[in-house]
Structure formats: C-alpha cells, structure tokens
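One structure is given below, represented as structure tokens, and several questions about it will come after.
Chains here go by letter, A, B, C, D and E, matching the order in which they are written, and residues are numbered from 1 within each.
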Amino acid sequence: EESTKATAAGGSTLEKTKINIGTIPVVDTAPLQIAMEKGLFKAEGLDVALTTLAGGAEAIPKLKSGALDISFGNYVSFFSADAKGVIDLKIVSDGFQSAKGTHTIMVAKDSPIQTVADLKGKTIAVNTKRNISTMLIRAAAKANNFDLDEDKNFVEFPFPEMEGVLKAGKADAIQPVEPFGTFIGQSIGARVIWDTSQGPTADFPIAGYAATSEFAKANPNTVAAFQRAMGKAMALAADRANVVAIIPKYTTIKADAAASLAIGGFPTTLNATRLQRVADTMHEYGLLDETLNVQDLIAAPSSK
Amino acid sequence: MSQADTATHDDTSRHARPPGRAGTAVRGVLVGAFSRFWLAIVLIAAWEVATRIIQESYFPPPSKIVVAMHELWFSGPASRLFLTQDALDDFGHSLYNLFGGWVLACLVGVAIGIALGLSRKLADYIEPMIHFGRAIPPPTLISFYIAAFQLGTPMQVATIVSGVIWPVLLNTIDGVRTVEQLHLDSAEVFGVRGIRRLMWIVIPAAAPKIVAGLRISLGLALILMILSELIGSTVGIGSLLIGAQRSFELPQMWAGIVILGVLGYLLNAVFVAVEKRALRWHLSSRGAI
Amino acid sequence: MLEIANLTHTYGSGEKAHRAIGGLELSVAEGELLCIVGPSGCGKSTLLRSIAGLIKPTGGTIEVSGVPVRQTPDNLAVVFQDYSRSLFPWMSVGDNVALPLRRRNMDRKQRMAAAQEALEQVDLPAAASKYPFELSGGMQQRVAIARALAYRPALMLMDEPFGSVDAQTREDLEDLVLQVRERHQMTIVLITHDIDESVYVGDRVVVLSKSPSRVVGDLRVNLPGPRNQITTRENPEFVRLRAEVGRLVRGVEPALAS
Amino acid sequence: MNRTRVIRGVIGVCAAMALAEMVVRLGIVDSEVVPPISVVLLRSVTLAGDPVFLAGVADTVLAWLVGLVLAVVVAVVVGVVLGSVPWLSTPSRIVVEFLRPIPSVALIPLAILLFTSETEMKISLILYAACWPILLNTLYALQDVDPVAKDAMRSFGFGPLAVLWRVSLPSAAPFVATGVRVSAGIALVVVVSAELLSGGSSGLGVFLINAGSSGGNTDVMLAGAIWAGVLGLIVNALLVRVERGAFRWHFARTERTAA
Amino acid sequence: MLEIANLTHTYGSGEKAHRAIGGLELSVAEGELLCIVGPSGCGKSTLLRSIAGLIKPTGGTIEVSGVPVRQTPDNLAVVFQDYSRSLFPWMSVGDNVALPLRRRNMDRKQRMAAAQEALEQVDLPAAASKYPFELSGGMQQRVAIARALAYRPALMLMDEPFGSVDAQTREDLEDLVLQVRERHQMTIVLITHDIDESVYVGDRVVVLSKSPSRVVGDLRVNLPGPRNQITTRENPEFVRLRAEVGRLVRGVEPALAS
C-alpha cells in the first residue's frame, strides 16, 4: 500500500504519514479537495483525513491540542492568535486570495444606498466581527474618507442567513463571500455597491494552511510533502475548469451554479511579502497591537 | 443579618444557636462567612497555582482575569461606582434582556404548566409538541428568528424565552400533577373550586417544584442571554465574550465567564432569599430552616 | 336527603380487581345522624367518598337532596380518616379552617372570627396562627373537625373523626356534634369503630358486612334526648342496642388468626 | 387509554403543523425567509434517506446518550452529597451557583483544547450543561422527603446511608426523573449547537454546516431542527415509559382521579 | 430497660416557644408493658420520639438498657401515630414489612416469609403484593403494626396503634400484642386514648398531665394472666383500675368550651 510507505516521492522519510487537516466546505478550499481527489497527498505518502470546521477560530485550540495537524484558516485569525501568544504558528501553505467578485458589499435591490459613502452610520452584516470582513469594509470606508465603528456598525450573521437578513431588512448591507454573493444577487437581485478586491485590498490574501511551530519543526518532511502536494493542487486550481468541476463534489453547490461563481486566486507560492500586507492592514485597523513580522511565521518550503 | 439568621441561614441544623453578646455575634458572622467561603477561596487559590504552572494561554490565572475585568468594566469614574461606559452598556443591555426573557418565560411557563398539569386531556394534545420544541437547538432556527423578530431586544428575549421556558414548564406540570390527592379532595368537598382552588391549593402545593424549575431556568437564562447575543447583536456580555473568544483576547473571554458566574451567584442569592420567605411552611416542616 | 340504591364499587380491573362495595341500599332522612360501623377494610371510606362525589362508583345510584351525585354536592363537608394529610401544610391552622368559608359571603374578618370560634369549640383556642405540622395528631384531627363545623354544611360526612383524641375530649366532641346538629339542622353520616359511640350519637346505626359490603343491620336508636354521657350510657335501651350492634358486627367478622 | 393518548398527540402535532404552515402562507412570517413547514417536512424526509446524515445522527445520539448518563450519575451523586453533608454543602453552593450560569458555548474552545477526541469534547460539554437541572431537582426532591417516612426508617436503627438509599432516593426519584427529562432536552440542544459552532468530522450539526455551504440552506437547517425535535420526542417517550415502569406507585397514586 | 430522668422538651424558641414536656421521670422494667394515657397534645408522641432518638430533647436524660440515647437505640421498633405516612409508598406492603428485617441476618426468602406471617397475624393474609395506597386506613395501620411485630424488637414503641380499626379487630390486636410480648420477651410502651385498653393490656398505666407534661399517675395493674377479653374486663380489679385511671385523666383535662 502506498499510504503505509513511510517514504515520500521526495525520497526523504516522513515523520508522520497520517495527518488530520481542518477544512471548511467553501470555494476557498477547492485545491485541498483537488489534492484529495487526484491522490496528490497519497502520491506523497500522506494519509489525510479531513475535519469540518465551523469557522476559523476553533482551528487554534484544535491545532494546539493535536486534534488537527494542519488547518485551513484565515490569516487574520492566524496572525492575531500568534501575536497574542495564544499559539505559535507556522503557515505551511498559502490558500486563497480575493479577486473580483469574491468579497463584495451588497445591498437590497431597492435600497437607497448606492455607494460606499452611503454606508456611513449604517448597519452591515458580516460573518465575524474583528476579522477579515470588517477589515475589508473599513478599508473601503477609509478610501471614501469616513470611519465605521467595529462595534456599532456591524452585526454578526452566518453567511447562509445573509439573504434573509437583507430581505427582512435586518441590516442595511451585507458582506457575503462566494458562493453566497452570486446566489443572493441571483435570487433577490441584491446589488453590489463595492468590490473590496480593489485599491489597497486588491488581490488580498485571505486564507492559508497552518500548523503549530512544534509540528512543523518535528515533522519537516511531512510538511514538505504537504507543501508539494498543495503546490500541485494550487497549480491545477489555476484552471477555473478544475475548480468548477470539484466544487459540486464537496459542497452542495450544483454544477451549473458553480460555473457562475466568482472564484479567487490560489497562489502557488508562499510569499512573506504578500502576506505582510495582511499583518500591516490588521495593525492599521487595530486588530494587531504591534506590527508582526510575517517572515517569522512562514515555514518556507524546502527548496527542492 | 441577624445572628440567628447566620446560624440557621444555610445549614440544616435544627437547633438555633443560643443568643450571645456583641463579640460573639461578630465572631458568629465571621465563622459563618468562613464556613461559606472557604471552599471558594481554596479553589481560586488552587486555580491560580495550577494556571501559573501550566502556563496555558487558554487558561489565564485568576489574577489576570481580575485585571482584565477591571480594565473592561471597573475602571470608570467614582461617580459611576467605578463602572465604565462599556460596563453600563454591556450589563444594562444583557440584564435587561435577561430579566425580560426570564420573567416572561416564567409567567408563560407556569401558566401553561398549570393548565397542562390540571387537564390530562389538554396535555395529551399539547405535550408532544413541547417535547418536540424543547429539543430544537436555537442555532437551527436563526432564519426563523430573523424573519419573525426585530433585531436586538425582541429577538434576544425571544431566544431566551424559547430556551428557559422548558424547565419551568416541565417542573410545573410535574408539581401540579403530583399534588396530594387528599388535598384536592378536601378542596373539592368544601367547594373550593376554580380560581380559588388554583390560588389556594394547587399553586402552593406545587410551589416547591415550580420554584425548583424557576431556579434552574434562572441559570439557564444567563446561558441563553449569551447565546442570544451570538448573532445580530452589538453590545452585551455575550457579544463581548464571543468576540473576545474569536479574537483570542482570552483574559477578556474569561472576564466574561467570571462575570457570568458572579451574576449567577448574586441572582441565585436573591432568589433563595425570596424563596425562603415564600416557602417557609415547606422548609420549616422539613426541618430545613 | 340521601338515597343510595344498589351501590357497587370495584377497584382496579382484571385480575387485580377488588370489589369493595357490593349492592348497598341506604337512605338517610333530613336532619338524621346516621352512624356506620363495619369491619376494617369493608368499604366505609369508599362509600363516603362516593357520596362526596370524589370517586365514581362502578354501579348504582346516589342521590343527595334528590339530585344524582355526579360531582361533589353543594353544601357538603367531610372529615377525612387521613386527617393529617387533608390539612393544607402551607396554611396556618386558622387559614385552613377559614378557607372553605370563602364560599359563604363573608369578609376576611368574619371568616377569621368564625374559624376562631370553631377552633375554640374543639378546644384549640390558641392554635390559629400555628402550622399543622406544629400540632399533635389529635390536635390536627380536631382542626379537621373544626374546619367542617365552621363551614356549617347541610350534609356532613365524618370518617372516624374522633380516632386520635383522648377519652375525655372524645366525649366532649361527641356532645359538640350533637349540639351543632341540633342547632344547625345538619344531616350527618358518621363512620366509627366505637360501638358505644355509634349508639350514643346516632339516631340510627347501620352495620356493614365485610367487603364486598352490604347492609347487614339497620337499627333505630330510640333514646331520649338530649343525650348525656352518664345517664344515656346507663339507659337499659342503650345497653341493649350496644349489645345488639356488637352482635351484628361480630357476626360478620372473622376472628384474627393468631 | 394509551391509544387515545397517541391519537390526541398526533392531532396536536397536526394542528401545530397546520398553524405553522398558515403563519408562513398568510405572510405573518416572511415566506421568502422561512420556507413553509410542508417544504421543510419534505426536506426532512429526504434527509432520512441520506446515509451521511444518518451516520451523523448516530454520532450525535451516541455522544448525547453517554453525556446524559454521565450527567445523571454525577448530578445525583453530587446532589446527594450536597443534600446531606452540611459542612460541604454550604461552601460548595457558591461554587455550584458560580459554575451553573457559564454557557457551554463559552467553554467550547477550552473543551476542544482539553479533549483531543471530538466525541469526548462533546460529551464533556453535555455533561457540563445537563447536570444542573438534575442536580437542582435532586436537591429539592431530597428536601421534600416526608420526615415521617425517614423517621420510620431511622427508628428501626438504619443508618443515614440506608435511609438515603431506601427512603430519600426512592421518594425523590420521580422528581429527579423530571430533571433528567429536562436535561435530555438541554443535552440535545447543547450537542447539536456545539457541532454547529465548532464543527467536527461527523454529527447532525456537522452535516448541517456542510449542507449550508451552498447558501439557501434554510430548509435544511429547519429540517435538522425537525429531526432534533423528533429525537427529543422519542427520547422523552422512552424516558416516560421507563419512569412509568419504575415509579408505578407514584403514577398510580397521582392518576387515580386524573381520568 | 428504660430510664427517663427530668426530661424536658421545648419546640421552637423565643416567642413561639412551646414547652411540650416539663420534667418527666419514668422508668420501665425489662419485659414490662407500659401504657401511657394523657390528654391530646400533652406530649406523648414527643416523649416517644425522644425515646426513639428521633428528636433531641432540650433537657434531661434517657437511657435504654443503660446506654444514653443519642441516636436510635438498637433493637427498637416504632408504630407511628401517623401510620399512613410512615409506610413507604414505593414499596409493596410485603416489602414494607420485610424491609427492617434486612438488619436481621435473613435472606430474602426468610424475610418474605416472616413478613407474610406478620401480615397474617394482623389479618391481612392477601395484602403482601398490594401497595399501601390500595389499602383502607385501618389496613394500613395494621401493616404498620405488622412491620413492627415482624422485626421482633427488644423495645417496641406504639403510638395509638389501634386507633383506626374496628372494635373486634382492636380486641384481637390487643391480644396479639400480649401474646407476642409473652413469646418474645419484649418491652413495650404503648400510647392509647382508650382507658379500658390501657388497663387491659398494661402491666402499668402512666397518666400524663397536659403539656408541659409530667407524670400525674402511675398505677400497677395486678390482673391475673393470661388476660381474656371477657373475663378480665369483668374482673372487679379491672373495673376499679379503669375508674381510677379515668379519674386521673379527667383530673388533668379541662372541659371543652362548647
């Protein structure tokens, strides 16, 4: 059996072949699913088990306790957990970055709100406060010369509820991600008033894969094997057709619907400079007390 | 608190302490306080030591939690009893919803519980829905709540009510159903019927069990207060607690947990004091006062 | 006043069925004081509960003042055999006695006064503010009697009402019942195990057989009134009746296996 | 007797369904946000044919049962100790009252950290949330035991343990059982909520997260709610049946005139 | 066997204090059957509970077999005045009677046999499998008696044990107690309101004053044994004693205000 072999394609010995990876059933994790489907992990000698996460925050205790070896998660959560000394992380692979249409601000069809400037003093529904969503919207507001208050202007709702929130008028605007943005646009004619993937937050790194430093240090070959597999998967995901094909297999999104989605970028390399943008923006909006040197958090892929 | 009170307040001894002089009274209070608080003190000390040894950021030592609580809520001006604006916002909002929800749930729960306890037939029709309803996890009903209630207080009160009504309801049904048959018979033969029977016989007889339900639901109400602030909310202790948890401000999260515990303790203390008055007959006939 | 025809009652069903009353016929006239005696477990309490409308007998009819008993007849009072459990522990003794008076157009003050008067009649002048559990067994029983007396019902059912009081108090209570009956024109059905008592207080004594119970003896007591604890009990008619009731009771009872 | 009861229950359920359907159809609640109950019911029926869903439900139920049983044991034992050892009960009351209002939601990350196994994590949360109603009902019921019955036992020279075991516990049992039924509902709510809020690899809540990945999942969520409700109903019925068997004396006494 | 010296008991404290027993002296010899009579509420049940170690009297000492009573003395059985509440509703009648026998090295079969025997002695041969609430008042009282008898205690305390049974059964039970006492060398303290009964079954009759109670009369009953319901009651000594006890009781009782 391939999976029981302790030697990866690279020739070095894997410290650990069975690994648990935390994931979320969203478009962002398409490469991970591609890697599973195409047997890319197997080819590296890895036996991967996936665990569903409800959101990013509980990845941290799960990584800490060893329930997960590697987890998908958004950078804002990863960086703030690390900066607060809650966990010592290493990013092992980039995951997903925004692109046109992936992160938008939407309002109801007949809403008087036309531009970002109209959001002043309004309530915006986001998935999680003090996180990437609010940061992107606040950046948009700042570009329009006003401030949105983290506490006063945002309410939390799960993405699946945002359509209802908008319909019932429980918030003035919403910040959905794909596929919800596209679906809400289609089903109730909600309008996009701003695409956050522009200006200072264009092609913004959203999420990646992390392990504890401890794990990365103790299992360098396993991490490298993971990185190689993910690298290939990311490359495959660059072809939109591959992503559209895999989406119906791990989410409940239908094939034809998948074809209409906006799909973000899947960077094939792990680049500290790019990720540093996230840390700096977090600092700017008060999500980090001090600047964070992202380079220290990168488990650089072994040069092969 | 009078001296006799201290002696018999919580313990089950049937013999009141003989009265003494002022000195002994002070000592009595001290001894009473010690007998009540020693375990809490020991546990807090153990907690402090243990957390300092394991150095786990998810388990900050109590001293750090106290600092976080102070910064969050108790570093305000003296004119506001040292409460910060955040404290006023958080506590005010949360407690308002808490009491609103709890009182509403108690009234509705006791009323329906009595009706179902009295009428087997009515209970047959309605009870299945009750057991169905109380097993539904609130997060699965978010969309319903969004559609049905205004954000903020209405939605939160609805969440609290839908969570805490069940213990009141079930305990009330049980209490009413198990009223001593001979008490009902006595009422019946003396023509004590209808509302009189309800007020003078059924409710007092079921009171100990109803009260147990009210007390369970008071603790539960605090929990649902937190749940209700999970979505669509901007202020409140729960909002803060969950926010702190998500942004890894763990001492703040613990501050939220501890303040809930303290609130729970205080609410319960008030509750027990009221209960002691209301159920005097019951407690003293059982040798508990 | 009270007409009972072919009354039967069976507890439970199937194999565990127990026939407590088996075709009982009885009628009580207005203002009469009827004593019922019979062996333990013969169905006396069952009969009483049926009259009070607390259980639905499985057969036969009961009419009170010409109205078939479906629920508890109006203007009825019962002193239960299990007196201690029939008092409401959450009320003071005074409130216990005053509670039924809420049905009589009386304000609180009148009710409390009536309760106090009844308590004094049963020699418990200082008990009103106590709770039932603070009283002795016999005192609780007297509270139950006071509650029934204060209510001044048209029909009073008493199940072994003097079982827990001492001899002297018992005699006094017997006289009290006679007196109250006289003054307020009550009809009284009194269950007792004391044969002397049944003859002393009764206008009529009915003897029941063991269960399924039927009437095996029905004696009219022709003693001159007002009765008196000493002279009445010395009356030859009293002695004769008492012997006869004794014989009837003995006739239906099996001796204990000892 | 039993059949009429079932029939009445079914009538009650149907009436409630009809009412729920009407509320949506008449637009009292926005039908675009909440699908009508008929749609939800249909959805929940199709769910029953989904093996992944069933496996998830099985995992949830397992954690639930284990958690509930542990909660019963812990709460009754603690209740008995606190109810009968004054020097311990007085000071521990503070601790109990302090712990009781802490929501399991707040404890999820801590539980995740402490219990590597997902099932253990869920069980620990259930245990925490479900023990309070049982504990309080136990305390109240122990206080409610007829002193004459206890005296009768003591008078034969039985010690405190025998009095506890033979008198206090049997007499308290029916009300403790009511507490268990309260807790069963709470435990189910907690386990599904925990799954929804923390994810995992299997469970009813996890299934719902996955199902929600495409949006427009309101009917799945509500179908999940229906299944949770049905589970609650089933367990309640089972518990009632057990109670009726175990406390025949109790029900026979209280239902004499209930007819 | 039983030595009581200067016993006092006060319920409550402060204003609500009630002195139930006020300096009571009493001693009971091994194998003696002592009857206690006294007005309702005088403190008889309180005395009995003190002997059984169920309440801690506020003053004085009680010794059973030379050992001061702190908790319940060994080898004791009590028939409570409130018999219906002293039975355990969750157990069948047989289990109720058999329960105390767990303290005697007996296996289940022996216990059930002993219970059945005791139930037969009180004329309830078919009650073992029933629940207490399925029995009549008098039957429940007999179950409580059977429970105490089956236990064969060295000291038996009975509080008004025959209050709810009919005359015939009462006599049979009186004889049963005498017989059991004889056969098993028990010491018995029996509270009763029936003066005849106290003289008929007692070796000694103690009369208590009203509360705070003290001993106001202590009579030795010198009647020839074995006693017999007919001949004993005709014995002139019986008649004399009964009159004397009656006088003593009457002397301490106030007449009812009627």
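We take it that contacts are C-beta pairs under 8 Å (C-beta built on N, C-alpha and C of every residue); 3 or more make two chains touch, one makes a residue touch a chain.
Small disclaimer: the values here were computed from a predicted structure and weren't measured.
Student: Would you kindly count the fewest steps from subunit D to subunit E, each step being a jump to a chain that touches the current one?
Tutor: Step count on the best path from subunit D to subunit E: 1.
Student: Which chain's mean C-alpha position is the greatest distance from subunit E's?
Tutor: Most distant chain from subunit E: A.
Student: Among the chains, which has its CA centre at the largest distance from subunit C's?
Tutor: Comparing chain centres, A lies farthest from subunit C.
Student: Can you report the angle of the rotation that maps subunit C onto subunit E, using C-alpha atoms only, to the nearest 5 degrees?
Tutor: 180
Student: Contact counts by the stated rule: is the higher one at A-B or A-D?
Tutor: More contacting C-beta pairs are found at A-D.
Student: I'd like the Å distance between the centres of subunit B and subunit D, where a centre is the mean of that chain's Cα atoms.
Tutor: It comes to 18 Å between the two C-alpha centres.
Student: So what's the Cα centroid distance for subunit B and subunit C, whole Å?
Tutor: Once rounded, the distance between the two centres reads 48 Å.
Student: Roughly how many whole angstrom separate the Cα centroids of subunit C and subunit E?
Tutor: Whole-Å distance between the two chain centres: 26.
Student: Cα centroid separation between subunit A and subunit C, in whole Å?
Tutor: Centre-to-centre distance between subunit A and subunit C: 84 Å.
Student: Among all residues of subunit D, which ones touch two or more of the remaining chains?
Tutor: 30, 33-34, 109-110, 113, 196-197, 218, 221, 250, 253, 257
Student: Residues touching two or more other chains, restricted to subunit E: which are they?
Tutor: 82, 85
Student: On subunit A, where are the residues touching two or more other chains?
Tutor: Touching at least two other chains: 55, 57, 60-61, 64, 158, 164, 168.
Student: Can you tell me which positions in subunit C touch subunit B when the two form their complex?
Tutor: 49, 52-54, 71-72, 74-78, 80, 82, 85-91, 99-100, 102-103, 131, 133, 147, 151, 157
Student: What part of subunit E is in contact with subunit C in the complex they form?
Tutor: Touching subunit C: residues 11-12, 18, 37-46, 81-82, 84-85, 120-123, 125, 134-139, 142, 159-160, 163-170, 172-173, 175-176, 179, 193-195, 246, 249-250, 253-258 of subunit E.
Student: How about subunit D: which of its residues touch subunit E in the complex?
Tutor: 146, 148-149, 151-152, 154-158, 162, 166-167, 170-171, 173, 247-250, 252-253
Student: Given the complex with subunit C, which residues does subunit B contribute to the contact?
Tutor: Its residues touching subunit C are 180, 182-183, 185-186, 188-192, 196, 200-201, 204-205, 207, 281-282, 284-285.
Student: Any idea which subunit D residues touch subunit A in the complex?
Tutor: Residue list for subunit D touching subunit A: 30, 32-34, 108-110, 112-118, 195-201, 206, 209-218, 221.
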